[in-house]
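Each of the two complexes below includes chain A, the first together with chain B, the second together with chain C.
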Partner chain A sequence: MNLKRIVKKSTPYRYLFPTVLLMVVFLVIPICMVVSYSFVDKAVVSKTPEFVGFANYIELLKDSKFWNAASNTIVFVLVSVVAHIVLGMVFAQLLNSKYFKTGTKTIARVVYILPWVFTASVVAILWKLMLQPSGIINYLLSFMPQINNKFEWLSNRDLSLAVVCFINIWCGYPFYMVSILAGLQGVPGDLYESAAIDGATTVKSFWHITIPQLMPILISIAMLDFIWTLQSFNVIWMLTGGGPINSSEMLSVYIYKLTFQKLDYSMASTTATVLLIVCVIFAIFYVRQQKKVRE
Partner chain B sequence: MKNAMKKYLALALALLMVLSLVACGGETAPATEAPAADPAPAPEADPAPAPEADPAPAEGVTIKFQQWWGVELPEGYLQGIADDFEAETGIKVELISAPWSDTKTAITAGAANGTIADVISVDGAWLAEFSEMGLLADLEAAGLNTELAGDVWSVNGVKHVVPVNNFTYPMYVNMDILNASGVEAIPTTWTELVDACKKIADAGYSAFALNLGVTNANGIQNVFMHTGWASGIGLKNEAGEYDVAGNEDIKALAELYKTLYDNGCLYAGMSTLEEAEMTSNFAAGNCAFTVASAATMGEFSNLDFEAALIPVKDGYEGQSGICYASWAAGISEASEHKAEAAQWLNYLLGGIDGTDGSVSAGLASTQTAFPNSKIANPDYSATPAQFQSFYELYKENYVINEFIGLPNASSVMTDMTNDLVLYLEGDLDVDTLLNNWQGYLDNAGA
Partner chain C sequence: MVGSYKKSVKIVLSILLVLGGLFAGFPIIWMLCSSFKSNSTIFSWPPQFVDETFGLHSYLAVLTDPSKVRFFINSYIVAACVVLATLFIGILAGYAFSRFDFPGKSLLNSLIVSVQAIPPIVLLIPYMSMIVAMKLFDTYLALVLTYLVTTLPYCILMMTGYFNTLSKELDEAVMIDGGSRWKALWSVIVPISIPGMVSVGMYTFMQAWNEYLFALCLTQRNEMKTVPIGINLLMGMHGNDWSQMMAMSVLGSIPVLILFIFFQKYFIAGMSAGGVKG
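This part shows the complex of A and B:
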């Protein structure tokens, strides 16, 4: 094989090399390190960590705080994803409606997308101020005589998870709205016209035309949202820190506390590895679904 | 063969893409609230001792100093000190400044990947962990003139960390709220505190702020245990062992806060209230009493306030313990320039020859703090009058912080905080509370 031939053959690999190198350095190696930490005792903090096999995983599964965080995470993710879809669909339908003028739609589009534009810190500060016991929400409630206006929204163990879910829904639905709106604008109008001629009601058109047409988009964004919501951290940490009494603690917060409060990198890595496996499973489904769409 | 190769390559790329999809969904770690620096002891007005023979200046050496101080000081202040030090010694100090909340992460990450700075600032809550990780060098062996310092933190007899500035925690009192509520004087005993808080709450104001948020669970230290220390009540017995279970004094302390809670006198939302929020709420005039660092006093310029000692248990006549925190620093065990690092710390405490406390004094007066340097004489004339009057109280009493050096202090304080919330809300009895705390303290670091 002469040099020219080798150069020609290796051309695609050379193009790929910088990307692959970056992914290996910034992705594969860190992930491998985290996974390896999960199999040793006193990772990072000890110069001579000992291999402990699956002991960390067994310990994790016995930890009630882990299960509390896991169950909170499941509730948080499911409620958020479902609410995102429903709200996103409603707002997208409104913006796609022929009953509003273009100017109205443009203004509404800007207003509706605002929560998504705010950074996590702005969202957290904004809501924390409004939800303070002496904040504007309780102040507004004070005008309703039959309603308790002394709510400690974020400091009440029975309310904190629901409030955190609500705020996450509020700041996440615009992504769905924009994606679904794009999908709605791509649905051929003649499908609706044909359905109307056949006597289909608006509801039937929605279930038998809109939903099937949007299904690839809905599945894609739901899977992405599932993965992103599973890893939500900033807003939760800044709103409640997982409290009170771990009532709003998600796996991401649980991992953070293990890492930076307890300096227990081994258990933190173990939990992160479990979370990684869940995310990878969903990511594989996502990639497969995308492949199907392309085909 | 070719096809097989392509398949493997495609498989590897697909795997990378899946992993990147997962990783890209992640969020960056947040910045939490500003915290409580940490510990420090009462200063002594002793004359400066002669410095130890420092190693010869190492011209051209650069040392890195990881700290949160630069963020809290006026812009360029710490850099100015570093520039003066370089002009005197030829040693360049590269400042790596980040908020307190990010500093521990940065230091442990640096330790993990071998990029830890030569000099690292240390919070009292991190001391035991950093020591166990082997991050901290022996300061005396490195050349620190320990006689310049009023206090040096040790672990197992080895001096690892020296405080530079000490921050105390006065109880701030909003005099407008007291007057409006008919409270005639700042309470000095627990009974007076309960009565005053009741009057304030009845008048429609928030009375006492207790921060029990857990992003930085320091309310258990700065407010709750501080109230105990003010009355000579501590977590440890005379033998230095944790003595919490069945401790009648701590039980009485817990019951004091339970009474305040039951009377509706604790600031609403306490279980997620963080120190910075507590301070800003006091600054906004939303609360009658709060306990916060003296360094925050400048934020209260629009208030009619006083800085007082925390009320003591009825009948207690001894000195009051005042909670403190510090800007402290140690030398990294991994540093190749320990002598130069020690020289920098000596400079912060006693100037270039160990007789000039102006650097330390300047840091203290700028931050309304107290210097750990024995030879510093800060000029507090420009500080608020309330600070100057509290300085007198500070000199008459003593500083204490039993959480300094406690292994896994952050984690222990979080657990103690969670139990205290349960107790205050009536879901845990006081004996169980104290038994749990005893367990956390006994098992700390295990």
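This part shows the complex of A and C:
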């Protein structure tokens, strides 16, 4: 009798067993490991690592390379998120415009989403081809007045961060565009009609109706994008590897280099823990925002 | 007066639409054109879309080289295993979330949602020693298991949502006839959930096909590498054979492009559902 009840009570857990096992082994334990590595010296490499408290964190805060990577990451994230919002909004408005036929809009939508579909290594190699000194970008620029030289886009210290930002903008805006398009369909049409009767211009109704109506969606996707961009690694690694001379190095690249080039697992874990904490803080805000939207 | 204003607005918007299309599409067209050129003319000045070397030679070179074909085989094997395992585990979990109330439900749910916020590079550090300790380094299983962590959350959330739309009376009918819950799930619920499973499967395939970081670090031998790593490996291998790299990029994008074009609706739904980008 009692056994039967236990079996019955355990039913949901039996269905969840594989999920829980995977999440514990490949998510919970690894995160605990990273955090614990950050408090010891010579983690992984040494058999008897020594507990050093917050010494790694103090060392990290004194490292100018860390601050360089952190400031590059902040620039990269802010530029990307703002440009994504603006481009996503412009393209969504174009695709939602009443001036074009449905067929035109369907084709345009597919073309506009394309950059999002390609995998990071294709994006990286494709732009590497176009940005070569004798590549197509320099050719197109040669038609501009007063530009005579061939730019070394990826091996120029002053240009590399801007180029990496630009490429990230190129492959990231479709997510915003699609989300905003979905949001625009939810804006009641009579709001615009009554505004038009009151004599509001298109520009005015954009700022006073469209933007406030889309605000919850915009905040949600911007936060999600913030988290993703903060941790992005693939395209940057393949395009510049963080160089030249660390000019496009992000936190993720910095962690990767510490792990695989210097084999300094302790410092890598320390930086990783810092990145993780920042991401988790934003994730908490994101989840709260989502709850607010649902209510 | 009003008519001419409307006309000029339409012209301005049309120009913007075309410029936007060029911004999004030109790099892709350029990749396609370059893949048909020979490596010697790829940087000719002035550049041409199509030149006299136009042909399938780079594609043939990629497809007749067993070491490059191997990248594709690896990617298909890994992606197929990830899709099947994700669907199987995700269906079980989704069913539990949809049909039962149990202690720890909300904790587990927030754990699953939080996966999106964890940077892959953070997990990679412990994975390196874990995967070696489990004797999985340089195997398909290492990739399949680690990919599951990122593909499962989306699958579980979507399948829970899908099962919630199905009436509980369906399972109860089977159980009244003397069948078990297990039987109810696999003989009644799963067959009518195929549309949901297809869309989740497509999305999962795309995530697995495109993954880069874990594939880069958890495999070692060239015959274990997947397509994204393979494309990047070509960079150094043949002194930058650009036309072959472009051909390989096109070939590597085709599976995802086909899925995207046929299942556009689902991708867009997936993206706006709180997106789990690969």
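Going forward, the second predicted complex is superposed on the first by the 269 of 295 C-alpha atoms of A that agree within 3 Å, B and C clash if a C-alpha of one lies under 4 Å from a C-alpha of the other, contacts with A are read in each partner's own complex, and residues count from 1 in each chain.
The criterion applied here is as follows: contacts are C-beta pairs under 8 Å (C-beta built on N, C-alpha and C of every residue); 3 or more make two chains touch, one makes a residue touch a chain.
Small disclaimer: the values here were computed from a predicted structure and weren't measured.
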Three-chain arrangement built on chain A, chain B and chain C clash or fit: clash
Greater residue coverage of chain A in the superposed arrangement, chain B or chain C: C
First (chain B), second (chain C), both or neither touched by A:287: both
Touched partner set for A:77, first chain B, second chain C, both or neither: neither
First, second, both or neither for A:255, with chain B first and chain C second: second
First (chain B), second (chain C), both or neither touched by A:11: second
Touching partner for A:97 - first (chain B), second (chain C), both, neither: second
Which of chain B and chain C A:279 touches, first, second, both or neither: both
Touched partner set for A:120, first chain B, second chain C, both or neither: both
First, second, both or neither for A:60, with chain B first and chain C second: neither
Touching partner for A:161 - first (chain B), second (chain C), both, neither: neither
Stretch of chain C, among 24-32, 78-86, 114-122 or 186-194, that runs into chain B once the two complexes are superposed: 114-122
Chain A residues contacted in one complex by chain B, in the other by chain C: 16, 20, 23, 27-28, 31, 44, 120-121, 132, 134, 224, 227-228, 230-231, 233-234, 238, 252, 256, 260, 265, 276, 279-280, 283, 286-287
Residues on chain A engaged by chain B in the complex (per definition of touch): 16, 20, 23-24, 27-28, 31, 44-47, 120-121, 132-134, 150, 152, 154-155, 157, 160, 224, 227-228, 230-234, 237-246, 252, 256-257, 260-263, 265, 276, 279-280, 283-284, 286-287
Chain A residues touching chain C - in the complex, by the definition given at the top: 11-13, 15-16, 18-20, 22-23, 26-31, 33-34, 37, 44, 90-91, 94, 97, 99-100, 104, 108, 110-115, 117-122, 124-127, 129-130, 132, 134-136, 139, 170, 174-175, 178-179, 182, 224, 227-228, 230-231, 233-234, 238, 252, 255-256, 259-260, 265, 268-269, 272-273, 275-276, 279-280, 282-283, 286-287, 290
Chain C residues touching chain A - in the complex, by the definition given at the top: 9-10, 13-14, 16-17, 20-21, 23-25, 27-28, 30-31, 34, 42-43, 45-47, 88-90, 92-93, 95-96, 99-100, 102, 105, 108, 110-130, 145-146, 148-149, 152, 156, 181, 209-210, 212-213, 217, 227-229, 231-232, 235, 242, 245-246, 249, 252-253, 256-257, 260-261, 264, 268, 271-272, 274-275, 277-278
Chain B to chain A touching residues, read off their complex: 13-14, 16-23, 25-32, 104-105, 108, 111-112, 129, 132-134, 206, 212-215, 268-274, 286, 408, 410-411, 414, 418, 421-422
